[in-house]
């Protein structure tokens, strides 16, 4: 039984309710999409919306129903081959860039599968032996909710018509509020890093351990579109001195001159092409761009440890940031069509994932879980960088101070941004 | 006005009827497809079914309605960018391998456009000034009917589930009938090659000219699956001596060991995976494979001129082949779900396109038409080979003895086969 | 014994003398090169000079000494793996683009091998059983003499220092002389095409056969640098209408805007960078460029049959062109350092190979030789175009009216040019 | 003046002597190579030996002579374009994979340049203003001595003849001696990491800072060929569970099944193909392989901090390791032809560079130097891993406890190996 060791479910957690809310939200996110919208795949990094609907269902069917219900029979014998993502222990699967060829099964057929699996899950939701794996399954599906949104954005962007998935909300963008300037400063010293064991966490967030920090400061707000415009105007994309060597090669090979989705004064959003809000955080940038900007600004990116120490309010001179209130809804970004949600402008979370200069590597004494779910995080520990925080497309309550998101330095189809740091 | 010079429309031709039947058939072919089926693109050579529905409509809107109806306004200003194929004179267009990103417009929206254009076309259908261009548009749409079928076959083939587009017909496959063995022999001499000016033809089929032939013989039937199995069993794909140099490189680079769509004793069809009929003509082979087979068999491929001379019955010792009876329907292949159609087993037409050893080059004094439609054929005259005949996916009446189909020597997603020739 | 069927050696030919002159010339061509010059390989199409020295020697050792001297032992057992070019029947060999890794053996060691093989060949030079193969070996080595020159030119061109292999000759460039303008016209009719059996010819030049020609004219001179400058000035490289579809893609993918080796008013030559002579024939162009120029000029490329008919003086209204006088020396181009050689300005031969619009395909009843040398020509009969004539880098006496050179339409590191044709 | 801030030259260091010894050794290493050997480039990662000879000379000419001798004139105006490596501040340069096209200048010409520059350097060698840059230049040239050796090994390996650069030494390989088993254990706590300011160091080795370590142990010896054979025999290269995700993709894409240079029981060396010594350290492995082996062995790779703490003997329970004695000679590996050199079998240095699980990132408060030499290290801080120690091809005295070598996780043409670590 592949029980994630790192998973501790808090007493009294409403796992059954969380399961149902999560499943409903995934389906709701795909609701505005046609079968064709949900089928196309724009690049190898991204998956079709349909595939996310199916893969998350495969996860429940495989690691809960198949492994914990003696008499459960697979809904379709040939679907695991289609919807396993990368679990070698679960056998062969279609090539990653062939996911976009799956015009069949239809979204409707996958939704029937979802209903079937949800019904079959009912008896397990209160089984304490399954609690850890259910918590993992919920977190897994929440990650795919975000990926579904970033992937369909990239897919729709390929269409010269610039189609919208949602209508634009009436309210104006609010940026990050007025309290944003300034720095959180930290005197350095030993910080406790990693998950404390309360509530769910992925295995890669632990074990908790001590890290020695030098004095530093972390910006109270994210870098904005207006600041990025200044970087461009100052020739930032054409000055080799600002760039990492790999980054400079990337800029030149791909002719990069602006964040992804920018075109003149507009940006592509889930609501189609929209004017950019100068006060909003810049997003859809690569690590290379983030690093070059920080160099240009005379600052640097924070380490993941610095970020976490500030997020935890350890020895911080400003008001501590806090984990955002939980809840199974999305913190809709400005360019979406959903209702506005209250959000503290000073929080480190929300808006976009923030690149750190920390490579994604194992914490001391880290060991992945046994079995297939041991492939969840550990095997990706080379070549990627850690991002902290959460984005407008992250379900509220999903992230936390110890959360470690990770991407390759050239990737930028996620809602990625940056928060400056400096030595003090 | 881009009037194709080469187009002569026969007196009394029912162009209006032909237009309506053609437009209906295209829509009917796409009928079994979902919006998602019709959206996906499996490779750069192939286009989505939806795109074929739209591109053929763009052709009418551009070269007939826009150019011949003074007050016609484009249905959508931004659609020509999506649905122009390769006409440089018509301006920029999306990248060829981005056609599969068009989840919007939907098939339904494109069908509304089709209806709109069909209605607008009504006044032009009897206009003698438009007759040549209308005949071209019909032939163009018939070509795309075949491409729609070969492209969707390739797309569905990517799906490990092996989805079917049609149910399999109850009748057994008939192969090529019993009269097929033997050779048509030809004494050589001067043959008249190219279209004679009666009825419609593409510009590349003329001018008619004389070609000197040596004595030769052409097989009365196509090479069969059973014969191809013997070629494989004899190590045909592993014997460098049988292959053209480019072909041998292609075999090794792609690990080719059988025709496209073959897997063990079955083949992928529009009706899903089916047992192969040993007596049926082999199909979905490349020029390289056809040439290697012919070498293995101690024969060779015919030239396009030899094939045409036999098709015209010039000086031929067997009964002359004849152009198939016209009619706006498809000669359904064995593996389709439609009703069986009568077809002469001795005809050179039908079943599959037949590779010749003739490169696709201009005939003496060939000149492409003026204007954008001059790009229709002439600019492709390098690197490709001529195929003669017609396939199970060719609308009956579309092909003729002078017809010149052309593909690159490595391509095999069309219904391509071979008919042997030899010197006598 | 792989005896080329097509080879007929004329009575009284001085094969032994020809052998020795050819071997000496190859070595002399490599003489100005250092071991390092002779080792580098600039692209997969080209081979190191050292490799040409060795491969031609391998040819003699393999097909003459090994096959015809019972007691001959290979000079080095492991060298055939290095120096076999493409003869599958002769076994495995290093990858084509790994030829540039052979810093060992040295040029000096290869020259010792050359001497060894030359000495061992002595008894065979008068053996009538070997005459056909010796004639083939001589022709083969002459082809590699030209390749050695074109390949080293391409290699030295990669060096930003623009190194010269020879000093520039003192004499001024003479262009094509003053008698060049005008056309050879031909009334059409049946032409005899292919080698007549007198003297040596490659198998692909036969069998001799009849071809029907329409009336046409062929330019008396080649297109010049000045004319090409006019094509460029008129936007020739930016006008899609002039180009074949594959050519237009090639122009855009590679950013082509001039012939290979051109930079501003100069061109790279074996004597380094030199001013271009406006009256000299344009060279180092691709088929795509030749075809686009002809279209721009309101003319076309000739077929290989038209070219040959003019070269043979069949029914031609101007003075017949003639095969150039034989002799084992190079017709040094203007930019070389050697002594000027007399050359008729009206001849079709010399200066550069001339693209025809004929694909390289087998003549009727063509059959390659038995054995490994059967791979010499026949297996390349797809995707390439025929070039006629000869270039400044072709040994005098090597080419003839029936000679068929062939290259892919994008290749241009050979001395390729064009001669216009038109219908009359 | 681009004076490296981080460079502090010890009082009384014999920089002039060190300069001359270093320059002599570089030339001596290239001595067995022909001009052709020294010209070829086997892959983009590697450079020709000739290029190393020239690039190191360019470094002195540019950063010392040009910048510090008012009247110095460049030896050749057009050579900096050829021999600048990656310094954007120094302008354009040839493409990295075009270095192998430089048959000119010859090795002899470059050696003349070396002499010229060496002579011109004489007045600067005692100039205290230049001392820091001279120390950097010496360290730079020592790095290229190692690269010259690893690059020429890779180049000669491409040759199927397996050429040797040196004769094999008569003495038998000694492996790592008998005292090698066992572990160095460390109780954890705060370690001082980074260069202490005594003697030369690269900028990336500082600033010195504190790092918190958990208790751990580090193997006293490197993993051996015999142990690697056991890994292979146990299916290590075929078991996805052992591999990082990127590593597994790399193994499958490239068909990796053994270290680079292994073939059956032998390995390619500078002395040609030699039997492998089972007791010798395994080398020429990638990070992916090192990580997979460690997982298979139930251990892990050390961090760079753990390695350095052991190397410094901080709190270590075994005898402390020590920096190897300086001296300007190479610690010839077993497979070389030079004289054996005494070397402590227990030292962490020598034999091969050891992968750590630490990504190559800046230390706290790291800032690169001003000017072009600021590009030396800092701009490579993404995507690579730190290696510690030194290899058989590292000049003795070049490395030190704080030394940070870095390579991408797939690279293995360096002398790379591994030393296991474990938690205690």
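We call the chains A, B, C and D, going by the order they appear; numbering starts again at 1 in every chain.
The definition used in the following text is that contacts are C-beta pairs under 8 Å (C-beta built on N, C-alpha and C of every residue); 3 or more make two chains touch, one makes a residue touch a chain.
These numbers were taken from a predicted model, which means no experiment stands behind them.
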Interchain contact steps from subunit B to subunit D (minimum; 1 if touching): 2
Subunit C against subunit B, contact positions shared by both copies (same if over half, else different): same
Identity of the chain that, by mean CA position, is farthest from subunit C: A
Averaged-CA centre spacing for the pair subunit C and subunit B, given as whole angstrom: 38
Inter-chain centre distance, subunit A versus subunit B - centres from mean C-alpha coordinates, in Å: 47
For subunit C, residues that touch 2 or more chains besides their own: none
Every chain pair meeting the contact rule: A-B, A-D, B-C, C-D
Touching residues (chain side subunit D, partner subunit A) in the complex: 86, 88-89, 190, 209-212, 214, 240-241, 243-248, 287-288, 291, 357-359, 361-362, 364-365, 375, 379-383, 385, 409, 423
Residue ranges of subunit A touching subunit B (in the complex, touch as defined): 34-40, 42, 50, 78, 81-82, 94, 98, 100-107, 155-156, 158-161, 163
